[in-house]
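The following pair of complexes shares a single chain, subunit A, combined with subunit B in the former and subunit C in the latter.
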Partner chain A sequence: MPEFLLPLIVLSPFSAAIILFLSAGRMPARYVGLLATGSVGLSAIISVILAVLLLSAPSAEPIRVTLWEWMHTPVFSAHIAFELDPLSLVMILVVTVIGFLIHLYAVDYMRGDPGIARFFGSMTLFIAAMLVLVLSSDLLCLFIGWEGVGLCSYLLIGFWYTNPANTAAARKAFYITRIGDAAMLCGLLLLAATVGTLQIDTLTEAVTAGQITPTAVTGTALFLLVGALAKSAQIPFQTWLPDAMAGPTPTSALIHAATMVTAGVYLIARLHILFTAATVAMTVMAVIGTLTLLMAACSALVQADLKRILAWSTISQLGYMFLALGTGVWQAALFHLMTHAFFKALLFLTAGAIIERVHHEQNIFRMGGLLRTMPGIAGSFLAGASALAGLPLITAGFYSKELILSSVWHANFPISSRFSLSGHVLWAIAVVGAFLTSLYIFRCFFIVFFGPLKKDASGHTPLLMAIPLACISFLSVFGGVVEIPDTLAPVHLFTQMLNPSGFFTHTEDPAWLLYAGAAAPLVGLSVAWLLWGRTSSVIQEIPGQTIIIRLTESGWGFDILYDFVLVRPFRFLNWLGRHDILDRMSSGAASATRRTNAFLVRFRTGILSYVSERTIVMTREGNVLLARMQNGRVRWYAAWIVTGLCVALASAVLS
Partner chain B sequence: MSPLPALVLVPALGGAIAWLVDRPRFVGARKITDASWRVTLMALVLETLILVLATFRRPAHPGPWLDHFTAPWIPSMGISIRLDMDGLSLSLLWLTIILSFPCVLLATRQIRVNAGAFHFLLLATITGIIGTFLATDLFLFFFFWELMLVPMFVLISAWGHEGRHRAAIKFFLFTQGSGLLMLLSILGLVVAHFHETGVLTFDYFTLAATRLSPSLSMVLMLGFFIAFAVKLPVVPVHVWLPDAHTQAPTAGSVLLAGILLKTGGYGMIRFNIMLFPEAAERFAPIAMALGVAGILYGAWMSCAQNDVKRLIAYSSISHLGFVLLGIFSGSRTGMQGAIIQMIAHGLSTGALFLIAGSIQDRLHTRDMHQIGGLWTSMPRLSGAGLFFAVASLGMPGLGNFAGEFLVLIATWHVSPAAAVLTTAGLVLAAIYSLRMVNRIFLAPERADQQPVTDFPARHMIILGSIMIFLVVLGLYPQPFMTFSTPSPLSITAEPDKVESPP
Partner chain C sequence: MPVFSFNDALLVAVLLFATGLTGVLVRRNLLFMLMSLDIMLNAAALVFVAAGARWHDASGQVMFLMILALAATETAVGLAIILRLHARGRPSLDADTGNLLRG
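On to the complex of A and B.
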């Protein structure tokens, strides 16, 4: 039974996507939405059934299905195979449930768009690709999903293709992630060449048994890390994600919450045994995660575009996940991934609802006072914002962030054999990040919903959009109680499900760690209230006049740097390459031959004509000369004869 | 009775009939405008039936070679008509047939000027290709090698686009010149064999047993290699390809990119690797370096083009670099990857040329600056274009990726650095493919856009079947990999198996 359900979970959205693409826009819009949402809903139901089956089973054996052998050669083999263990179970639940709610929301949001079939086709394909990614038990099969989500994000970001900026953003996303994919492919090749298979179980066994040399493990881990960083928009690949806002809002919600950016986190969590064996990669990961979370939080603090604030906040939150992964607590990363999926989907969908009602205005400084006109929306945004900030006890984000922070405190990151980076430093930065998170999201909340009314909101949010918002609001608030720090209450459902053999305990944690983590968001909230919340706000106008703020707003100048370091040289190379040099050379050789030929021809004709002319002239002149000698005078003749005779005699005598 | 000679003869005869029926005298007053097209289609259907027969016929002899045919031709010089078929030939024959159909169905019906001659030449090229894939007598092989060249030359120079004469002459000079080198190598091999055994023969299996000094075998191998390298093409000698592909009529481009180039890869496997294994092994580092250079150079050039067909042509050079890399990687994995890549490239690039040709028919330009936003007016054609562009950038799950990945694994075993460089080619592939998609399909519609008609549904069925082939090849390449492995020489090298019953 589970063996039959597992492929069906992928097949359902995939076949919906095929039908939608084949219908080529001839299907009525109502049925399009129904089909897409229904197919993802079916997947969600199957995921829940599978969850019950997997967790109720007495043995903790994962469900494995090998569909067929993909490639087989003497040195390598790959299978199309799925495996459901607690890790992938969490992922499929997040992907299908959040995906289903986003689809439900999109039915109404995208109503009336002429390309609705293309939209839902890409969305369901996105879900299918993500499900392949998280269910595969073979890394090469995972790579299908990995590239598949990249392709779907390209299609969806550039969905409104009539605006060149959108397609440029779509291409940027694809190119940057493709660079990471190439690195990941190198990692896969290295593994495949060393082990001969990319079956995840076999790989982890090989790593634990020490069959792979430490160099190969480190190399693979670094290659895969680059792939994961690109997919999850971490430094130095973060530039594609803020631009990816160009797509329709449900797409942004899907990319940021359920699919795509979480793929990198999932990959590292899935291969955590391999990464644990490569300490260099772990340190790099933790440091990059910390830097990213701080940098992105600062950028989010100075944005004026509602969706861009959320985009930078996603990068920042992914930084927390990478910090957790680098620390080795992949369970904490996954927990944060789950709660982040709830509140980020909620924030995006709410933002979409706000933007739709204020006539497609995205600048928060042109909104204001929306609390009165849309209290329901404000409520759900508040739920999402509190969860993102991690307000203590009452939100899901608090528990997951707390789990990460408490683990980082104890960790130690070796840099070289003598030096190591203390976890305390990263912990401190992460707490500052938590303060900034709370500051920027409540800044946004107060500016949008408080203060004087600046832009009239029209209409009301339809029921079909309100239901998903309510569901995710509930999850954002209460989704975190599955894992509670020991200081409060010993609930460890989540980590125990992922790792039944027992996870770390934090009984020896000093209590002030927890209090510091809980205080940071509250301080952020208070500061935000002081600055932007009261009716006479301290900072009302758009920030960004000083150079440092402008730099931060534009994403720390990475785009400009890449433009100079990568894009322009590449354009220059292209400019050089607009003519094939080798082709030029062959053409040159051809024309040289032709010229030589022509020259030779001319030379030959020239010589010939010269020679013949001279011959004619000489003949004529000789003729004249000879004619002159034959003048009929006998004395001349006699004189010639005597001269000749003398010469002959002289030569005969003298020689 | 072996179906092999029929496989070679049917297209040739069909072409002759197609030419004849187009003459007004022949049909009389009641002239059908597309008579030659119909005849061509019938010839292809007949050819398919014969190929089905050849595929499912029980092999006359146990062994990897599926079918044999021999008949004397010029006995005094040891030349015979000898055709043999193994899995490799059969896969490439199927590719030929599968691509000939879209070619004829989508691209040649609208030919009005001298349609009979056009179809004759098209079928003559196909005859040459099929003969090349089957011939195992070296003289006969050379004959077919030249046979596919001449009609293609005429096709380009008579039915091509604006710069056709130059392109055709370039094509002819490069392939003809390298073909002469191959002839010298063949003669050298035959003479060496004659000196050793006193038997004058052009038979592939007999010649394979010739003992050669290392330097002589290297020289002879290089003669073959240069001819195949020009055809494949390998980078320094690729310059004929972009011009020929761009200027050829659509059907010609599809044949060139889809099948004709594969004769180069086929020749490398059958003649370089299997006739001169030691020399090929010594030459392998250079060949692999050329392969990597081709992948990067082709991709780089492709990024810089503004002409759709030139862009696709350069991307072919990049893709066929993988074939060269795989063939000379010295392992079975690489060889299988190269074969999968040849088939997948034939399908995806052939389809892209069909689409580019249709765009040119409708808009009368190939300049990507002049085309834009076709998705609004032609969703079907654009969707298909997107699919094949994505296939050609190496999306996992489609045929090209399977081939590229196998080649990369084989390369990694030889030189990880080369494999890492090659993956950079994959990034460039994304850039040129998406650049094309963006310029042509996903862009704001141009204001001066003439009204255009989308692909009709029946055309989409044809493209759809190519898509299905690519998906099957990408997700389940195993049968092709097992099946299309070239057969070893030793099985049929014994003379007693040569006398196959008539």
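On to the complex of A and C.
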């Protein structure tokens, strides 16, 4: 029974995508939404059934299905094979349930758009590819899903392709993730060459048994890390995600917040045994995660565009996950991934509802006082914002962030044999990040919903959009109770499920660690209230365009740096090629000869004049001769090729 | 016992190839140029078959089948190009009229 259901979960959205693409807009818009939502809903139901089957089974044996053998050589073989264990179970539940709610929301949000079939086709294809990514038990099969989600992301960012800015954003996202994909492919090839298979089980066994040399492990881990960093928009690849907000809002919610960008986190969690063996990669990961979370939180603090605030916030939260992964507690990263999927999807969907009702205005400084006109939306945004900030006890975000913070405190990151980075430093930065998170999201909340009414909101939010918002609000408030720190109540359902043998918790933690983690968001909330919340608020607009603010707002100048270091030289090479420099040089030489000749003729220097005249004639005749060779007739070109071949053969044979 | 020796086969192949080459170079009709190309391909295929027979190796015949498929594909693409040209209002089979790239 489960062996039959597992492929069906991928097949359902995939077949819907094929039908939607082939129908090419001939289907009525109502049926398009129904088909897409229904197929993802079917997947969600199947994943719930599978979850019940897997968790109720007495032995914690993962469900394995091998569909077919993809390739087979004496030294290497790859299968299309799926495997459902607790780790992928969490992922498919997040992908299908959140995906279903977002599809339901998009039915109303995208109604009336002429490209609705294309939109839903790409969305369902994305769900199918993401499910392949999280279910496959072979890294090569995982790579299919990895590339598939990248493709769908590209298609959906450039969905409104008539605006050049949107297609530019789509291309940028594609190029930057492609750098990571190339690195990841290198890692996979290295693994395949050293171990001879990309089967995840075999790989982890080989790593545990020490069959791979430490150099190969470190190299592979670093290559895969680069791939994961690019997919998850961490430093130095973070520049594509804010621009990716050009796509429709349901896309931003599903792909660029809840699921696709967490693929990197999933990959590292899936291969955590390999990464644990490579301490260098772990340290790099933790440091990059910490830097990213701090930098992205600062950027989010000065944005004026509602969706860009959420995009930077996504990067920042992914930084937390990478910090947890670098510390080695992949369970905490996965827990934060789940709660982040809830509250960030909620924030994006709410933002979409707000933007639609204020006539597609995205600048938060032109909104204000929306609390009176849309109290329901304000409620769900508040739920999402509190979960993102991690307000203590009542939100899901608090529990997941707390799990990460408490693990980081005890960690130690060796840099060299004598020197090592203490986890306390990273812990402190992460707490500062939590404060900033709360500050920027409540800044956004107060500016949008409080203060004087600046822009009229029209219409009302349809029921089909309100239902998903309510469901996800519920999840982001109560989704965290599956895992509670020991200081409050020893509930460890989530980590128990992922790792039945036991998750190491620090029971001897001083209680003030927990209080510090809980206080940071509250302090942020109060500061945000002081600065932006009161009616006579201290700061309404962005304070003076100082250099630091401008730098932070544009993402720390990474775009400009990449423009100078990478894009400009490439453009220059392209320009060289297009203007045919060699041709220019020869024609320059010809005109120089002509001018010299004119100069000489003017001075009537007998013989020289004659020589230069002959040069002109010879140049012209040579030109005519060469031009005659380029007569555009294919048969002549073929004849030249044959002549050259004959001469080369003759010289080779006769010499 | 092969009827033809390897050298005979090579000679025939060279003759075939030369015929095809001459056809490509001399004929202006696109259809005949395509046919001549096929003759050249067949000459190459003949060498493969002959070499396969000479060294008792079946891969020569495998390569022949691949060349056969290649020739079919190439002819199909060539004929499609001619049809497209015709459909775009250029009803000429003269290869020399398509010389827009002349210097």
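As a convention for this text, the second predicted complex is superposed on the first by the 573 of 655 C-alpha atoms of A that agree within 3 Å, B and C clash if a C-alpha of one lies under 4 Å from a C-alpha of the other, contacts with A are read in each partner's own complex, and residues count from 1 in each chain.
As a convention for this text, a contact is a pair of C-beta atoms (placed from the backbone, for glycine too) under 8 Å apart; a residue touches a chain by one contact, two chains touch by 3 or more.
What you see is a predicted model; the values in this text were computed from it and never measured.
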Contacts of A:Tyr175 with subunit B and subunit C, given as first, second, both or neither: first
Partner chain(s) touched by A:Leu140 [first = subunit B, second = subunit C, both, neither]: first
Touching partner for A:Ser651 - first (subunit B), second (subunit C), both, neither: neither
Touching partner for A:Arg578 - first (subunit B), second (subunit C), both, neither: first
Subunit B versus subunit C as contact partner of A:Leu189, first or second or both or neither: first
First (subunit B), second (subunit C), both or neither touched by A:Ala627: second
Residue ranges of subunit A touching subunit B (in the complex, touch as defined): 21, 24-25, 68-76, 80, 140, 143-144, 146-148, 151, 154, 158, 161-164, 167, 171, 174-175, 178-179, 181-183, 185-186, 189-190, 192-193, 570, 573-578, 580, 582-583, 585-587
Complex contacts: residues of subunit A adjacent to subunit C: 626-635, 638-639, 642
Touching residues on subunit C, where the partner in the complex is subunit A: 21, 24-26, 28, 33, 95-96, 98-103
Of all residues in subunit B, those that touch subunit A in their complex: 170, 235-236, 238-239, 242-243, 300-301, 303-306, 314, 331-333, 336, 373, 375, 379-380, 383, 390, 395-397, 402, 405-406, 408-410, 412-413, 416, 419-420, 423-424, 426-427, 430-431, 434-435, 438, 442-445, 475-478, 481
